[in-house]
Every structure is written in structure tokens, then in C-alpha cells.
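Only one structure is covered here, and it is reproduced in the block below.
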Amino acid sequence: MSVKKLRFGIIGAGRIGKVHAETLAYRLPEAQIMAVTDVNREAAQALADKFSIPTVAASSDEIIADPQIDAVLICSPTGTHADLIIQAAKAGKHIFCEKPIAFSLDKIDAALAAVKTAGVQLQIGFNRRFDANFARVRKAVATGEIGKPSLMHIISRDPNPPSPAYARSSGGVFVDMTIHDFDMARFLMGDEVEEIYTAGAVLIDPEIGKAGDLDTALIVLRFRNGAIGTIDNSRKAVYGYDQRVEILGSEGKIETANCYPNQAVISGGTAVHRDLPLNFFMDRYTESFSTELKSFTQAVLENRPTEVTGIDGRIPVAMALAARKSYDEHRPVRLSEVEA
Amino acid sequence: MSVKKLRFGIIGAGRIGKVHAETLAYRLPEAQIMAVTDVNREAAQALADKFSIPTVAASSDEIIADPQIDAVLICSPTGTHADLIIQAAKAGKHIFCEKPIAFSLDKIDAALAAVKTAGVQLQIGFNRRFDANFARVRKAVATGEIGKPSLMHIISRDPNPPSPAYARSSGGVFVDMTIHDFDMARFLMGDEVEEIYTAGAVLIDPEIGKAGDLDTALIVLRFRNGAIGTIDNSRKAVYGYDQRVEILGSEGKIETANCYPNQAVISGGTAVHRDLPLNFFMDRYTESFSTELKSFTQAVLENRPTEVTGIDGRIPVAMALAARKSYDEHRPVRLSEVEA
Amino acid sequence: MSVKKLRFGIIGAGRIGKVHAETLAYRLPEAQIMAVTDVNREAAQALADKFSIPTVAASSDEIIADPQIDAVLICSPTGTHADLIIQAAKAGKHIFCEKPIAFSLDKIDAALAAVKTAGVQLQIGFNRRFDANFARVRKAVATGEIGKPSLMHIISRDPNPPSPAYARSSGGVFVDMTIHDFDMARFLMGDEVEEIYTAGAVLIDPEIGKAGDLDTALIVLRFRNGAIGTIDNSRKAVYGYDQRVEILGSEGKIETANCYPNQAVISGGTAVHRDLPLNFFMDRYTESFSTELKSFTQAVLENRPTEVTGIDGRIPVAMALAARKSYDEHRPVRLSEVEA
Amino acid sequence: MSVKKLRFGIIGAGRIGKVHAETLAYRLPEAQIMAVTDVNREAAQALADKFSIPTVAASSDEIIADPQIDAVLICSPTGTHADLIIQAAKAGKHIFCEKPIAFSLDKIDAALAAVKTAGVQLQIGFNRRFDANFARVRKAVATGEIGKPSLMHIISRDPNPPSPAYARSSGGVFVDMTIHDFDMARFLMGDEVEEIYTAGAVLIDPEIGKAGDLDTALIVLRFRNGAIGTIDNSRKAVYGYDQRVEILGSEGKIETANCYPNQAVISGGTAVHRDLPLNFFMDRYTESFSTELKSFTQAVLENRPTEVTGIDGRIPVAMALAARKSYDEHRPVRLSEVEA
């Protein structure tokens, strides 16, 4: 009668660590959190208290060494991801790792090699693949519902710019923010990008520019199948989180709208209005965070490949490097140019 | 460090019992299910297995007698509600009871009297009050955002008619289906109905007519504040569950749309279309079921009145009786006419 | 090479007279305005100047006697309609008459009898039949696209209440405003109403109540085919003219939205909004006014029956009388009760 | 009492000539068509018959020489535009000319010089400026309603590709189709474009590719004010004409939806759908064609500058040249590069 459970250790008790802990604790009967750790021990303790996690581990080493743990959830800063993947893989743990794996392709390749050698499962945290809107778009393309795709648009705007300090440490907008859109582009089209052209600007916060980053970007993607598309990124949309896609195909188009906290429309004396869309990723993508962990957990329990593999974690980083190179050199850049 | 939990016993392991069990098990850290019972013991056992409920009780008596249980969740057939409320109240248990309390006002009054005498908390399962759309409409009325209300419409249509057998045992469409809309009418307007006129028909399934019931109804409500409104009920909408409201006020109107599984719109060669709305109450009202139990749990833990009281359970039954009387006598009927 | 033109005389140079004159002058190559008259000669003169109408007639007698005129457009006050129809019919003129024909069925019957005797064409100004939205709904019902209709809703709200003086002279809200909705109900359903129940109120302007009229109404219609429906009327919607319908059938529903001056949506820092809908009938129904006159003109030129006959002008008045009787007597009233 | 009328001669009785003739004949009291000519005399005669135009001129020379004509409407093939402008300007006629003025900047400059020397008025047929949707977007930008613009998208797709023969003679997609979008970009942003990058493809009809043209394009625009934007062009959208824009600014965004023949939504057993959007430019932009001619007529009658000047006709051609050069050379191209 007892169901087999996947036993998790969580490394990193920050914003996304909390989201995942809540999912594991309250949404996934087949998951069990054994331990949590964070360089900030108080944060780890608070998480443990909130979700009745039995152990607060002293370090990621302790988590990875724990024989009672089947899988690690890597939610620590990007700079630690690749090494933790290697270490966990060597210890035979299955791995769920937040994006990006690393800022350099070399480091990513080393991590993926370790995973391959160890034969463990790896899933990258591209949660948007599990969002109902984007899954519906993918389905429309995959089933031929809109025919052969020719044009694609991804709109992806944050409600507020990060601090310049964050902009600096995050590796820049392409590897921090656009990386989700790069993943979406590949996922939705079911095809790979060959060439990227970036038009960017600093229009929101000059400090972001001083930190060497951009806050506004239009990225043109050319796919192998001949289709072309754009990604529209802004670090500030006053009306909130803006996440939409549109694909035109030979038999039709599919486009998504934002998600709203309610479906009420008010008609007053001066305008017809509704409340602002769901604000930022934790509200907008709540369900997808839950679904991606369910997907990972079941893949491991049933010994199937994960839905978002290590290669899926590598290619968007290559795209980010190409996007930056295009911006710096003011010309279209082929993805092959950013390979070693 | 340990949080106080409210310990529940569940009476009835049918469709709605399962929904509530899942909420208590996976969504509410402050709740704990101690036991479940059902006249169908296998159903109770299955529920216990699925949600790791320690005890399958032999009867509701056993649940109500259990000193480890703080609150009972009454999800059994309507005919048992009033007696279970009385019994649980006498045992000092707090009570969450599904609608309707009973088919007769006498029985309801006896149950409410027992609750009052015992000084326990009672909440009725009018989950729609906790739905984001309807809560937003209520807010618009309560805050004066649309001024003084004058006209109201509630559209409430099921995707499929019940079996004639169900129609017979359910007490009829008004007390089974419209009762939610009667509650919404009071809740949204923040006012009481004085008079009801019903135009009804059997247009979907003649067997429902033979069972003495209707499958199509328009109910006109006259509120004390002078406003007037309608409820539109149909037992069959081929496109799925249709749940909308609209209120016109002196300063504007507010109207809600249905909720959809995704926000994707497909433009093809013959039409612009989207997927059907969320189908039936378990999909459409998932969040509200969770929120209503959270509201009850917190009200009990914090010793506050519940948000949906016994009177809120009684009045919609009186409205259902008046609606039926109006239909039978083909004239407007005042609510005072159905009081003893 | 020269096209046959229908030569019009216009009786009444008020608001609706101007609308029709503009259509005849600038939209209908097959129409020609020969003369206009109004008890206010200056208004007639202004219209003649604006649209290059050659003759300002001294009276309606002069128009009706003019052998160069093929058809009269009756846009004068309701009290004059029936007599003008009789007079014009006797003179062998084809007639386009604004609604309502008269406030009493006797007068209407006399007018229709004269039309029949004379063998002239008569069309009543129920322009909404020619509106793209409502025509689409009619098509959905007529073709079986939504199956057999069971429930219908008509929302019809004005942006501002009329003056109490107008309310008094207009014959009341049912014969003045709801009459369009009564026509819509018959037209959209393709069926006749048997019984009417009216719930009404004075919620906007007490002076309208003192004038013996209502400003807010819900009217329940029972059709011969068993379907039921409502008409929602308000004399004041602060957001503008609100004109929507919805029909539920056994195979689906069709519902219309309001029409807007543009399709732009603005997302700002506090709400997502759009401009108010088209305000009042001259903006909202511009095209339908043009189409109805084209329909009349072609029907006469081609000697076909008009699309909105005298009977179509009579029945909504009977419905208005039944609606008022229901309101006065606080009970459902059958249409047969208002027949002599 | 008599109103001053502007007397027009129409050169070219093709598709757009007919549209303009209907506007002048039936929508603009202040306009009068004196004559029409076309190399296809039968087409000119048919137009004259339909709109009661007194004279069918033997040639454009005859129209331009006619002292009774105040203004010429140039609707002939593009190759003739510049010479006709020069000729008409010398004859002192005011000029309304369809886009583009010419395929080369030299020819355009010669035409504009002639207009300047003659001191006549010139308006270019960029009708979309007069469309209610786009005018609303322009207003939002001009008034600061959405703050300082940063990102812009124009979607502009035709329902069906032209014949390869047309593609060849039209000068290519940029100067034939995108030219409207180039004008929109300048108009909506109220700013000039400095640099253009084009990603294009032949995905719809290989014959178009063989003719040296594209059928699918994404064009990135960089504005002087730092904003960036895209134009999305496709020669084939199976669902019909797709014309939308979106601008993100520091205080919000504005986006437009397509226009539909009606506002009816049908919910059936498998999908919620509505009819396809208005199909192609004559349906979609009917009102704007009327408004642009009204604007021109009034500008001339009141001796004011036209709303779309010769320079407004020149710059989009320069943009088209830069777009093509970018496509050919696979790099971003500055507008200054296409100047002589």
C-alpha cells in the first residue's frame, strides 16, 4: 500500500528554493524533503520550520553525502551550479538544477559529462515548458494545427528592473532573463536557432548600462527550418509581468494573452478596465513550478528521461553568448561562432 | 516551534469529500485529517490510503465521539446533514457542512439551534464566495466602485444534466443547483431578496420533467434595496460549465467571464477560436475549495466567526422553496410566504 | 444607363430625420430626396440646405400630394404616425415609418388596413435587424448553428435618462425603448412571445417615477416554442450605450459584445483599460440605419415585400402593453390579454 | 448658402481609384468628381457610370489641362506617379497621390521639387494614419499616456500572396507592402528611424523567391530617440488580414487588436470561436480611406498643409531601400547609406 517516494535534499533556501520546497511539501505526495541547506543558516532553518523538514544540513557536502537522499534540488547561486552538479552526479544523486547551469560552455560541458558518466538524471529548471499557455502553443506547432511555422514572437517583460548590483552578478540580461525565452523559442518551435541578431538599449536605468548590461532588447532568431522570430525583453513594464508568445504558420496562428488574477471587467464613466495581470513569476508561473517538479519526480521514479535535459540547459547559454556577441559587434552572429 | 493544527474527521468519502481531503492533506499546513468514514467502507479506505489518513472510522458516530478530533467535515448525503450537525454540535465539534443543510426550514432551524446552544462554529460549503471572480465583484459592490446596484444577472449552467434519479433525490434543481446562485445573489449584492418569480421549462431531458423537476429556469429576484436581478440556469451547456455574473450600478457595471484552461487563441482558415472553458466545478472552483477550508480552519483556530454562517445556509433554502412555489403557482412569491 | 431612383419625401426633420436624410443623400445612389417638411420650418430648411434637398414643403399634406414623390419617410412624433400612414397609403405612396406606429392596437390596425387596401409597401424602422451583430445572432439561430434555443438575454441600456417630460410624452419606457428589444426578441428567436412578466423599478430619476414611468426593468418572455428569455433595460449606464444579446441553444450559445470606437487596449500602472463603447444609437447603429433604408429602397424598386412589415410594427406594441399590464398587476400576462 | 466644393479629376480607375471615387461621390459633400481617365477606357467609363461622373477624359493630360479641375487624384501605376506629380504641379493642380511616389529617391526628389516650386498641396495615400486604431495609438504616444516609448511592434500580414508577376512589377515587398508599415512606424513613434536590419525568407511561394522578392520578413528599426521596434510581414495569413501594433513606454503599453465584421462569439461543443477578422484592406480600412480624402479636401479648401506631406512619401521609400540593402548584405544598414 505504501507509495515509493523520492527523497529530496534542497541546496539553497532563497526565493526559488522556497517555491520548490512548498511544491514538494504540499503538492507532491510522491516527494519527501529530507534536508535543506543554505550558506545563510537562518534561511535554511526558517524553511525547515515552515515545511517540517527534519534536517538542516551544515553544507551542500552533507546533503550530497546523505545516503537517505535520492535527489538534490540545486537552488544556490549560478556560480555554484556546475560544481554541485559534478559533485552530486559523482555521489549518484539525481539532480534538478536551476538555470543557467553556468556562464561558460566549458563549465557546462564538464557538468554534463559528469552526469553522463554517473548515469543519473538531470533536469534544468525551465518551468515555462510546463505552463498551460506555452504547452498549448507547443501542442499547436507539434500537431500541425497551425501548419509549418514561419514567424514567431516572444514578449517577455519584467515588472521592475533588478538592482545594478544584481545585473552585474547575474551575468547580464541574456543569460539571466532572456535564457528562459531562448528555451521557449527552441521548445515552441521544436527547432534549433542558427543565427542571432540583437538590437539592445539602455532606456530604463542608466546604472544598468554603467554595469555593462542592457535593459531593453530585441533579438532576431533565425531557425534551421527557415522560420524567423523575435524576442522582446524589457526590464520594466509598469503594468506588471508580460509574458506572451505568437507563432504564425502556414495554416494559422496561435497567440497567448497574459494571465489575470480574475476575469472581471469594470465599465466606469471614463474607461472599461480590468485589474492588472498576475504580477511576476511566482504568481504567474505557480502551477508550472509545481508541474515541473512533478515531471522530474516521476521521471526519476519511473526511470524515464527528464523532459528538460542537460543539453536543453546548455543551448540557451550558447544563445545568450551569441546574443551578446551580436550586440557587441553590431552584426548577426551564428551560433557556431560561440562554440570553442 | 510547532504550529497548532486543527484536527479533522471527514464524514463522506464521495466526490466532494475527496476534494476537501486533498485540500486538507496538501494545501493546508494548519490542518490534519485524523479519520474518515463512509457508508461505503471501501471508498473511505481508498481515501485514507491516498492521503495517508491514519484511521478509517466505522461510522460517523465514531468520528464524532473521537476526542482527538476538533472539527467534522460533513460531506454525506443531504438527508443526513441536519442530524449530523446536531450530533456533532452536542459533542462540541466545530462543523463544516456541505450545502444544503436540509430540504426543510424546520430541520435547518433545529440544526442551527443546536449549533447555537453548543457554541461551536459552523460553516456552510458555499465555496463560490471564495472564488477570485466573484470576490472581485463583491468587492466592487461593497466598496462602491460601481455605485448603488440596480440590475444583476447570474448565469449558471452545467455541462450535462444529472440523471433523472439524481434529479429526484437531489430535492430538485432549485435546492440542488440554484442554491449556489441564491447564495451568490445575497453575497454579491450584500442585500436580501424579498420576492421571487420563476419561469421554468423542461427543454433538455423529458425524464427530468417526469421526475417532477425542471432543467431550464429564469428566476427574477427583487431585493430589499429595490434592485432586481435574474438567475439563468440550464442543466446542459454543450460548451461546458458556464459561470458568470454581471451587476449594473449607478457608477458602472462589473461583469465576469468564464475561466479557461489557457489563454491561447488560434486563428485558422475558418474561425478564430480558443479551447473550451474549464469544465465543471472541480476544475473551475479548485482554488475556492481550498480557500474556503483555509477560511474555516483559521476562523476556528482564531476563534472568529466563520465567513459563511448557518443563516447563510438557511436563507438560500428558503429562496429555493419560494422559487419552486412561484413556478408551481405561476406568480411572484414573497419569501415571507415560505416561512412557517 | 441611367439607374431608376426612388424619390423620397421626408416628414420630420428631427434627430432621426437627419440620420435618414444623410443616408439617402450620401449612401444610397438609388435614392433621391425630393422634399422635406417639419412643423419647425427652420429645421426643415436647415436639413434641405445641408443635403441639397430641392424643396422645403409647407406641410406633410404637400409631401403626400406631390406626384414626383414615390415614398415617404415618416420621422414625425409618434402621435402622427398612424394618420400619416393612412393618408400616404391612400395617396399610393410607399412608406417607411419610424417606430412605434401608434400607442394603441386599434390605431395600428387601422393604419395596417389602409396599407393593405392601397397595396403599398410599408417598412417599420427597426434598424437593429440590420446590425451586423444581431444579424449574426439571427443567422446562428436560423441555421441551427446553436441548435434549438432555450434561453435568451437582451441587455439594452441607454447612457442617460430622458427628461421626465419626454418620458411622459413617449408613451413610457416599454413602447419607447423596450420596443426595439421586443422586436429583437421576435427577430432573433424567429418565434412569438406568449407571455410576459415585468419586474420594474424607479432607481435612477424619481421624476420619471412621478411621470408614471419606470427607468429600470427586467422583462421575462415566454416564447411559443418553450424557450424563455429576459430583457434588461436601464435608462442610465454611465459607461455608455450597452447593447448585447445572448442565446443558449441545445448545440451552443452565441453572445455579442459592445462595439468600440477602436480596438486599442492600454495597460498602465493601475489597470488595463480601453476607451468606452460607442455612445448611443447614432454612433452604434450608423451602419444599420444605412442598411435598413437600402433594404426598403430596393424592396420597393424591385417590388418585393419589405424586411420589416406592418405586423412587425404591431406585435412589439402589443408586447409593450402586456409588459406594462404585468408591471401594473404584478403578475405574468399573456399577450392574448391585451387584444381587444 | 452654397458650399465651396473641391473639383477632382481621377487618374486611374483601378481598385484604389474605385475606392476613392466612391468616397468622393457618396461621403464628401465638399468634393465633386469632374472627370476620370484610365488607359483602359472601359474601366474609366464604368466608373463614370457608377458614380455619375460627367466626363471620361481621353488621357491624364486632358485631366491635368482641365481648368475646371482643382485637384488630381493619382491612382495610376507607380511608374507614372512622379511624372504626373510634376505635370500636375506645373499646371497648378493640388495633388493626392497613392504610395509610393516612385521607386528611386531621385525621382521622388524631382517630384517634390516641382510641388514646392508650384506651391500646390500634395498628400500621399498613407491611409492608415486615419484609421481609428492607429490614430488612438498615435494619441497615446503623443500625449505621453504611455510615457517615453522604448519598444514597438507592427504586425502586417496579407491574406494571400500576390502573383509572382505582381511581386516583380511592384518593386518588391518592402516598397509595395512594408512601405505602409514604415510610414506607421514614423507616424506612431513621432520619430525617425536611423538604422534597419532585415531578416527575410521565402516560405510561402517559391515563385516569389525566383522573382527576386521575399514573402516573409522581420525588420528591426532603431529610432533616433533610442527606441527599437520590429515590423512583421507575411504575404499569407490564412485567417485573413492581420494589422496590429503595440508600443511599450515607460508608463505603460498600448496594443491594438484586429477589427471584426461582428462582435459575436459562439461557444460550441469543441471550441469557443468568432468569425474571421475583416478581410483585406478595403474592408478593414474603409473608414480611413474616407477620412484621408476628407482631410486632403479640407486642407486644400482651407489652404492648410496636408497631414501626409511629400517628405512623408519620400522617407518610407528610403526605409524600403535600406531594408532591402540590409537583407542583401546581411547586416544592419543606416538610412544615411541609401542617400545619394
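Some notes on this structure:
Going by the order they are written in, the chains are A, B, C and D; count residues from 1 in each one.
Simple rule for what comes next: a residue touches a chain if its C-beta (ideal position, glycine included) is under 8 Å from a C-beta of that chain, and two chains touch if they have at least 3 such contacts.
Only a predicted model underlies this, so the values are computations on that prediction, with no experimental measurement involved.
Touching subunit C and subunit D at once are the following chains: A, B. Ranked by how far their CA centres sit from the centre of subunit A, the chains are topped by C.
Computed from the mean C-alpha positions, the centre of subunit B lies at a distance of 58 Å from the centre of subunit D. Averaging Cα coordinates per chain places subunit A and subunit B 39 Å apart. The distance from the centre of subunit A to the centre of subunit D, each centre being the mean of the chain's C-alpha atoms, comes to 43 Å. Residues of subunit A in contact with two or more other chains: 237-239, 242, 251-253, 267-269, 275.
Here subunit C touches subunit D in the complex through residues 1, 25-27, 29, 49-52, 132-133, 135-137, 140, 145-146, 251-259, 261-269, 275, going by the rule given at the top. Contact residues of subunit A toward subunit C in the complex are 237-240, 242, 267-277. Touching subunit A in their complex are the following residues of subunit D: 147-148, 150-151, 153, 157, 197, 199-201, 203-204, 216, 218, 220, 222, 226-230, 232, 234, 236-239, 242, 248, 250-253, 330-332.
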